[in-house]
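Before I ask anything, let me first share the structure, which is written out below as structure tokens.
First chain written, first letter: the chains are A, B, C, D, E and F, and each begins at residue 1.
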């Protein structure tokens, strides 16, 4: 049975492709993304309070390495096979080394409706995966030049809306604990999937607008937008399995690896690598990879994870 | 009523640039600015403000002609190649010239 | 006992008439109407899945005929008794042949709090009633001229916000079924009446602004704005009874017939019959008919339906 | 255990001080404050229906006197110790004689999570306390001059957003009663604390922006912003005890007395006493008193109330 | 810095017209446009943007004088009778004339 | 196409003033006005529209030169001392002069 939130994405995409006049006010889209980010953070924070922090350190380091590795692998492919300029290749690589919170939310909804458990500290890994690829992207585009104002890059990256809300949510969830949060559950937990549905409706509309750029920038982007997440998911599945994550946790890590950022990274690249063409990375990340992951990828990554765990055990 | 001539510099560009631009304006001796949210179309395609990445801002600066030219030249050099941006200037009459 | 959502409408209207500074941001109004439209569609879709589609065909055709008939009846009254220009008469007729989703939502709330059941496919009839009157209105204003660009009219009508969200909701509800939708119920079903309350608060504020135009355009509009819905409700009651609808279903169909559009039709007329004065139709539909239906009409139509069913049986 | 809504305030304030790019759209902030105002009004209205109105009259008069007294006491302190201009002193005094709905909501949440009951008509006292200080402020600034257009002042004050929504909520709650409101509870009651959390997040961001003005306007404002609420809370505690309020009710009245307006009064002063510098009053009310009350004040006022009741009894 | 004169055409009209208007501008050879949401008052009464039907938009087009006149004439003929709309033009200075 | 010269008066000020200002404009014989929401910076500091108290509006009035001067003088006298406000004027060309 297909999850209704996916159908909202389809509705938005179809309405967009048919040039419907449907439009969500920007404030509604921002409201939805603020609630989703806080909610994901809060859930992570609650669980963080339950387990000793030390245990997580190896996973956290591994995940940072994963972000670095994926963008470093994507870069030469884009540069040489895709024949993109240095800046464009670096920027697209950064998008794919980082993560998409929307895709994460859909994966959580997917596992939730199948009652598959996963490690509760995943939001922390989500935050950790968001950042390193951005730094790699800047270095790939500029080299380790003295001119890069790392102070303002760090400000841009760590104090952007996404990270502040995710980490803020983790902190509040950790400090207040499950009982403390009971009073705000109706907004942040009970409405989660409804608000995710509205968010995906808007994502569908936005995705549909990428169709034009895709037509212009040709088949390589399409191939990359599907091939790269599949490859990244394999790496993510292997890493999840190697770190001893559960089936659900492995599926989430694979999804994170496979997802491409369309909020934090575009904003950072626009300021730090302005000569990169934002249309290219958004067309790939939003126009191809996001719908691919949401419609087909997540079930595939789940199957991969089941397979990895069975294979390993047998 | 004494009135005086100044220049109105109007900039339409990507919303992502707001923070940087505002710092530039301060540095280039603008005494003030006014910003409104906008959408539009130009060389770099349709920017329909559906979400952050496709939103524009419209910035107005009232100043003397030299400052306006200096700002325009500086922005053009820094941003024209890489960002959706247009700039234009017109003559206006102000009442309290010392403000600008 | 009066339904609190009606009191929100009264609050808005009084605040507006007293020229209070109360104002809902446009984004909040749009958020409320998006959620209401989706929610109405979803409820209809769930039930559609339960019954064979073929059974509904006669009702669907009858309802299209109702929309055509009501606007064709309203037109000569407006033209000759009201002495409106051809364009104005056509435009107002189109408003009254179509429906108001806000009025429908209030009727649903009214029946709900009295635990009166009604046929679950009503949202489908709502969608069907929205469209034909628009086409009639255009033809009445223009004749069947070759110049009318029917392609762009159809685009305007079928891809407007209202229809896309209603039909999209029906489709998602039908595809996901009641179990699938459980996870998004808290937003779309539990909050329904609260969001309807906010929507009606804003409708009250907007309604109050029509007072000025009404004063200018005189008593005919007022009489039409009350007389037409009463007449339409009689026709709707008869049709509901003739189609074998339940008491609740007949009351809803009467309400639909009686209601006048203030979203889809104004937008379509503005583009397709621009020479019609939008102030006239909005003053009547919003300033008179909407408050009349919401405050007095719905109980009357319910009574009519009870009476028709008792009478018929006895 | 600290209430999570307070943590949202802290998150906002920290993000603001670190100059994060986090920003809530204005429409979301307005949505939150509309729902909070209506919700507070509705709760008050429900309970008003339960008790004879006559009983409340003494309390209502006492509370109006409290508002007058607090602003009349604050004025000379500001004028002579603070050396503010007449207009500035009058304006700041009006802010502190009036109340902050946000602070009230936090106090309600505080008592709620400790299951401490309080008199249900508090929202009525909240409304009553909002107004008199504004009139005092205008008279203090202008004298009883004939030029003051009291008609438009009254319009500004009584038909402002805050009062209309609070009183409208009280009226609807009173007319519909607890059963009638059941259908809108999910939005207005269940989501109350979640929406309060979002509201406080934004309040934190706004508060952080006052830091600059505070630095400029020096230590007197800081001392006043802490000393005045402490003094007012003492008066409020005494009055609550004298009026025979419960421990919870006394704590609320003390909090109301201690709180300083940052919505209704700034708007009214801006129009009626334009020569007063709004930066000064907002820096004190928002930059000092609001965070002080929310983080430290409310527990102190609760303790004061407990102490007053124990002391009195013993 | 070489600067050049162009015309700034400003249109204030009903939000409902945005889609049609944008197609008209493309057809009439405008190279771009900038839109902001607005409210206002004119011959056709107060339009306070409380909801869709009473919202305005403010459209700016930078172009050469002939294009501006052609657009103005066309819009005036098509829309002035039936829609709330005003149009005005002013001279401005631009830096990259080839863009407009 | 006959075109005529008028004056465009632009006012940027605090959103709190909208109601009063609109009444002033009516009283001072403006035939219309257009308002957009804005934010900005000037002598009275940054006004970033984060909430009501720090929001600006940008008001445009098309009228003849005398009316514009009268409005400007009146607003300057009433509001300049106590409110964040700037005013400026420019010459524009309109098509239907009887409207303004």
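Just so it is clear, a contact is a pair of C-beta atoms (placed from the backbone, for glycine too) under 8 Å apart; a residue touches a chain by one contact, two chains touch by 3 or more.
Quantities reported herein were computed from a predicted structural model and do not represent experimental measurements.
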Every chain in contact with both subunit C and subunit F is listed here as D, E
Across the interface between the identical copies subunit B and subunit F, with over half of residue numbers shared counting as same and under half as different, the residues used are different
Note, CA centroid farthest from subunit C's centroid sits on chain B
Per mean C-alpha coordinates, the chain lying farthest from subunit E is D
Expressed in whole Å, how far the mean CA point of subunit D lies from that of subunit E is 46
Taking each chain's mean CA coordinate, subunit A and subunit D are separated, in whole Å, by 41
Taking each chain's mean CA coordinate, subunit B and subunit E are separated, in whole Å, by 19
Within subunit C, the set of residues that touch 2 or more other chains is 21, 23, 25-27, 31, 186, 191
Going by residue number, subunit F touches two or more other chains at 36-37, 90
Among line, ring, star, complete and other, the chain contact graph is other
Pairwise touch list, complete, is A-B, A-C, A-D, B-E, B-F, C-D, C-E, D-F, E-F
The subunit E residues in contact with subunit C across the complex are 14, 16-17, 20, 45, 48-55, 79, 81-83
Subunit E partner, complex, touching residues on subunit B are 10, 12, 36-43, 56, 58, 69, 72-73, 76, 80, 86-90
Contacts from subunit E onto subunit B in the complex sit at residues 1, 3, 6, 8, 22, 31-37, 62, 90-96, 99
Note: in the complex, subunit A contacts subunit B through residues 23, 26, 29, 202, 205-206, 209, 262-263, 266-267, 270-271, 274-275, 278-279, 282
Subunit A contacts subunit C in the complex at 1-5, 7-8, 11, 15, 18-28, 31, 109, 112-113, 186, 190-191, 193-195, 197-198
